[in-house]
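Got a structure for you, written out below as structure tokens; questions coming shortly.
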Amino acid sequence: MTAVGETLGRRPGSPPRAGAAKSLGLTDRRARTLVQIGLGVAALVAMVIAGTMLAPAAELTDLTARRQPPSLAHPFGTDWLGRDMLARTLVGLRLSLAVGTLAASVSAVVALLLAAAAGALGRRVDAGVSWLVDLFLAVPHLVLLILIAFAAGRGAAGVIIAVAVTHWPSLTRLLRGEARRVAASDYVAASQRLGRSGWWVARRHLLRHLVPQFTVGLVLLFPHAILHEAALSFLGLGLSPHAPAIGIILSDAMRYLSAGAWWLAVLPGVALLAVVKAVDMVGENLRALLDPRSVHE
Amino acid sequence: MAVGLLAGRAGRLALLLVGVAVACFALMELSPVDPIDAYVGAEVTRIGPEQRALIAERFGLDEPPLVRFGLWAGRLLRGDLGTSTIYNAPVIGVIAQRFVASLALLATAWALSGLLGFGLGILAAVKRGSPVDRAIRWWAYTLASAPTFWVALLLLTTFSVTLGWTPVCCATPVGIDPADATLWQRLHHLLLPAATLSLVGIAPITLHTREQAIEILRSDFVTFARAQGEHGRGLVRHRLLRNVAVPALLLQFASLSELFGGAVLAEAVFNYPGLGQSTVQAGLRGDVPLLLGIALFTTLFVFAGNTLGDVVHGIVDPRVGSLHRGARP
Amino acid sequence: MSLLSVEGFSLSFVQYETGLRRRRLEVITDLDLEVDAGELVAVVGSSGSGKSLLAHAILGVLPSNAAEGGRIAYDGAPLDAARRTALRGREIALIPQSVTFLDPLARVGAQAQRAADLVGVTDPAGAARTAFRRLDLGHSVADRYPHELSGGMARRVLTATATIGIPRLVLADEPTPGLHPAVVTETLGGLRLMADRGAAVMLITHDLLRAVEVADRIAVFYAGTTVEVAPAAAFTGDGAALRHPYTRALWQALPQHGFTPLPGAQPPPTDLPPGCLFTDRCPLVVPECRQARPAARQVDQSLVRCIRA
Amino acid sequence: MLEARDLRFRYRRDDPWVVDGVDLCVEPGEVVGLRGPSGRGKTTVARLLAGYLAPDRGRVLVDGAPLVRGGQPVQLVSQHPELAVDPRWRLAEILAEAGPVDADLLDALSIARGWLDRYPHELSGGELQRVTVARALLSGATYVVADEVSAMLDPITQAQIWHVLLDRVRRGGIGLVAICHDDPLLDVVAGRVVDLSAPVRVAARS
């Protein structure tokens, strides 16, 4: 129990050193948080750059090197057209990240607008927004995705619209809940009594509380968006069949499973998992920085 | 008091279904895919204009959108969801039969992931900071980041293709009439899809339960229990379990939406003839009546889950229950 | 030898801030206190100054990021983790402050029965019923949930549940806030009764007047340490019999004793001054006060931590 | 004059009245005490007077005009300061919201300048309460409603806060409504006392 006392070189019971230091500066735990965010972001950036550079290589078919297992030349092996799987995977991941980014930004704008409208424009608008959120969350997410992908006529536009349009409800509900809590607080009531306008309260109080939640909620939106895009493409309702999307790569790989080409299915999946985990790691650590009390280290 | 609540809830359900019906119908209208082409499918090149007119007339596809919505809604209210173009059978029949097939998969995964997730979450919280906690958390985070269909592929590759222990696809052995399949054969075919859905379902439940359990372990009443000498297993059994179970139950009933999404993917990989698979087929081949039927049915399914969750919550949590029973201190 | 003796006790926490800052909170520094069987000692200090943590430390139910220092002895022997586990609930009892210390999802009767079970009584249900009757709580109260209890009722349920094992050391944490004056008198009377029957009772409160009414000795808690432990009798008149300047200022600030406020505020736990903690507000301050922490020494019947007492 | 006429209030329609016909008035330069056992609606009266809640029946008037939602010369200081300040603001911002900082007032309330760049959770209840009192006074309010402001505080902090409030009543001419269950304190600070447990009349005290 007295571990921490010792490590700080203070014999228990002795008077603390002159003016015990207020804050102990960069600490091991917070250092780890920063390192993890750095690592996560660096990994994602490196992946995007690699994906861009390798884009042409992903299309190179080499019929002499068909279905080769992972080797130094082709770390992820090659597919039935002799294309290098690592290149295709990286390009696919870049595409997934792009879809994720688009989905996150659309959701961000929609969520902010609706949450603000719900907060500022009175009870009826608030009830309307809350009902709209319930409506979107009433249908299972993947079913809604399929419906919208079908409505938008399959292909890249379809999946992007589907993913983009179905991720704002959870973020809106989070922001609206927080906005209502802040609006009902005594300190906002005090501000009003001090003659501050609604806009002033929104800018100085609401924003200060919503930004951390919004940032973390937004970053944690990426994994969902990426996985859903991959799922739609896998089911054949997403990107066009020849696009190097992870979903397509994995659904093609299914055909060759019985022939033993396990690497076509396993390795791209691992890469996608790594990307999603990197984004998730960045999100969780951002939360630790922005809202320490909500994190149980 | 309870009747009022039921009426309120039925009202909300009706409003929700109307909303979903209108939204989904509008979505179908937006689709550039010509319903006739989708219906005919590959042989579309070989049918002449008169046949197209015949098909349009039979399925009422040539009316203006608002009229068609009126017709569709009218039939809907009379319980007629129209005919599925890909199965050429009433949509209600298709959904009912397919849902029963999916139910086995959904139920096992729902129960399994609920129990295992709850147990692992509590274990991780009680042993917070230990290697056990770190391992469980790392495992849950990894699974939460893994695409469901890829996990299915992984299981398929290892157990069916490489080891050959489990069938490669379908709900009953290929080549024999599904009616004759024995229970063991059905369970054997259910193994991998259910395993996939459970594995993926465990991750979020574990993380949520762990979060909730840590919150409880920090609470005042656990401090007082520990001051009375409570510790270890006794603390878990007497103070922790119920306080974590109540919110966990609510979450469990609210997870049906995510669960059904998982089923769609698992059924696609294992070619399991459930409602999930037919949702995908309907999306791929533009079976509008079936898609609309599934959208409405799954909304009902999710709403029923949430309602059941609230009812159970009212029973299990005295603070909520007392509101209904009107108990006053 | 007193039943409970606390020597040079210190308690600090490490908390994480938004962004990178981590800060150390020295909530208790160099605290000395003794409580004897048959005696009621009050620990008086402003609320939120860390007093309750002293009770939690004695019982060993502190959160994981707490760091303890100094020595606590019970019945002559050091109170280490093993003895704490053995004595918790049986010989040492905590009467917590509010209804949030009761399990919201369990009936209060069942919780009392579980406490009796932990003490090891043969008939836990019977023991719980007797404890409730002792605090004249009707048997229907046992079936209620915590949120269905009034303030006074919750107070009595907490006391009954905590003292089922007829403890030798009772730690009562802030029992008075939010209660009707009559209920406060009744609650403090109950504690007095336990002391008179031979238990050592520590009453932790911010209410100096109520403490003086019921305690044998009063330990005045300031910025994490007890600056003076004086007999209740010393708290009379204009406080001349009180040795430490802070205690005197506390007494004279009461509405009934002149209502004269002493300027300044307590130093924050993150930034404690090196010497005596009261230097920046003390009317008697001299340069030596800033050099080192004054040791506690006996002056008349009071134990005072001040070189000029 | 801040006046409450036959105030009635309850949280839900079928609940008994929490505030059952309270009349009270306070002039600038005067301290009116409000006494009553806990749970008799003292805090609700405080929130009605300060415009945090709207009465179901009866009215709150400031110099004859009804209290409106926006800025009002009536400020509330509540028992729980940690709820009345934005946890994500530094203390300097909290004070700045009320008006330009008045150094004498901060010294009188012993608010150390070092606290101003800290967050609310880094301060104790007593320290935070000084800040909320400073905020109420900096706003130039003509009336202050003090609801159990020193119930949880040590006697010295309590004496400091009340001395500043009483000083502002005498010098600054503000009207103060002092709500508390601690009779000795009420006897010292209040000119006249309204007793909530007594029947509905202004209990004038000498």
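Each chain gets a letter, A, B, C and D, in the order it is written, and its residues are counted from 1.
Keep this in mind: contacts are C-beta pairs under 8 Å (C-beta built on N, C-alpha and C of every residue); 3 or more make two chains touch, one makes a residue touch a chain.
The structure displayed is predicted, hence computed values, not measured ones.
Here the two chains linked by the largest count of contacting C-beta pairs are A-B.
Innermost chain of the displayed assembly, by C-alpha centre distance to the whole-protein C-alpha centre, is A. For the pair chain A and chain D, the distance between mean C-alpha positions equals 47 Å. If you average the Cα atoms of chain A and of chain B, the two centres end up 23 Å apart. Between chain B and chain C, the centres computed from C-alpha atoms are 53 Å apart. Chain C and chain D have Cα centroids separated by 30 Å.
Residue positions 18, 23, 270-271 of chain C each touch two or more of the other chains. The residues of chain D lying in touch with chain A in their complex are 50-52, 69-72, 74-76, 78, 83-86, 88-89, 93, 97-98, 135, 139.
Chain A makes touch with chain D in their complex at residues 185-187, 189-196, 204-205, 208-209. Chain contact summary for the complex, chain B toward chain C: residues 129, 218-221, 223-231, 234, 238-239, 242-243, 246, 316-319, 322, 327-329.
Only residues 131, 134-135, 137-144, 146-154, 223, 227, 230-231, 234-237, 246-247, 250, 253-254, 257-258, 260, 262, 265-266, 269, 272-273, 276-277, 280, 296 of chain A touch chain B when the two sit together in their complex.
Chain contact summary for the complex, chain B toward chain A: residues 15-16, 19-20, 23-24, 27-28, 30-33, 128, 141-142, 144-150, 153-154, 156-157, 161-162, 168, 211, 214-215, 256-258, 260-261, 264-265, 268-269, 279-280, 282-284, 286, 291, 294-295, 298-299, 301-303.
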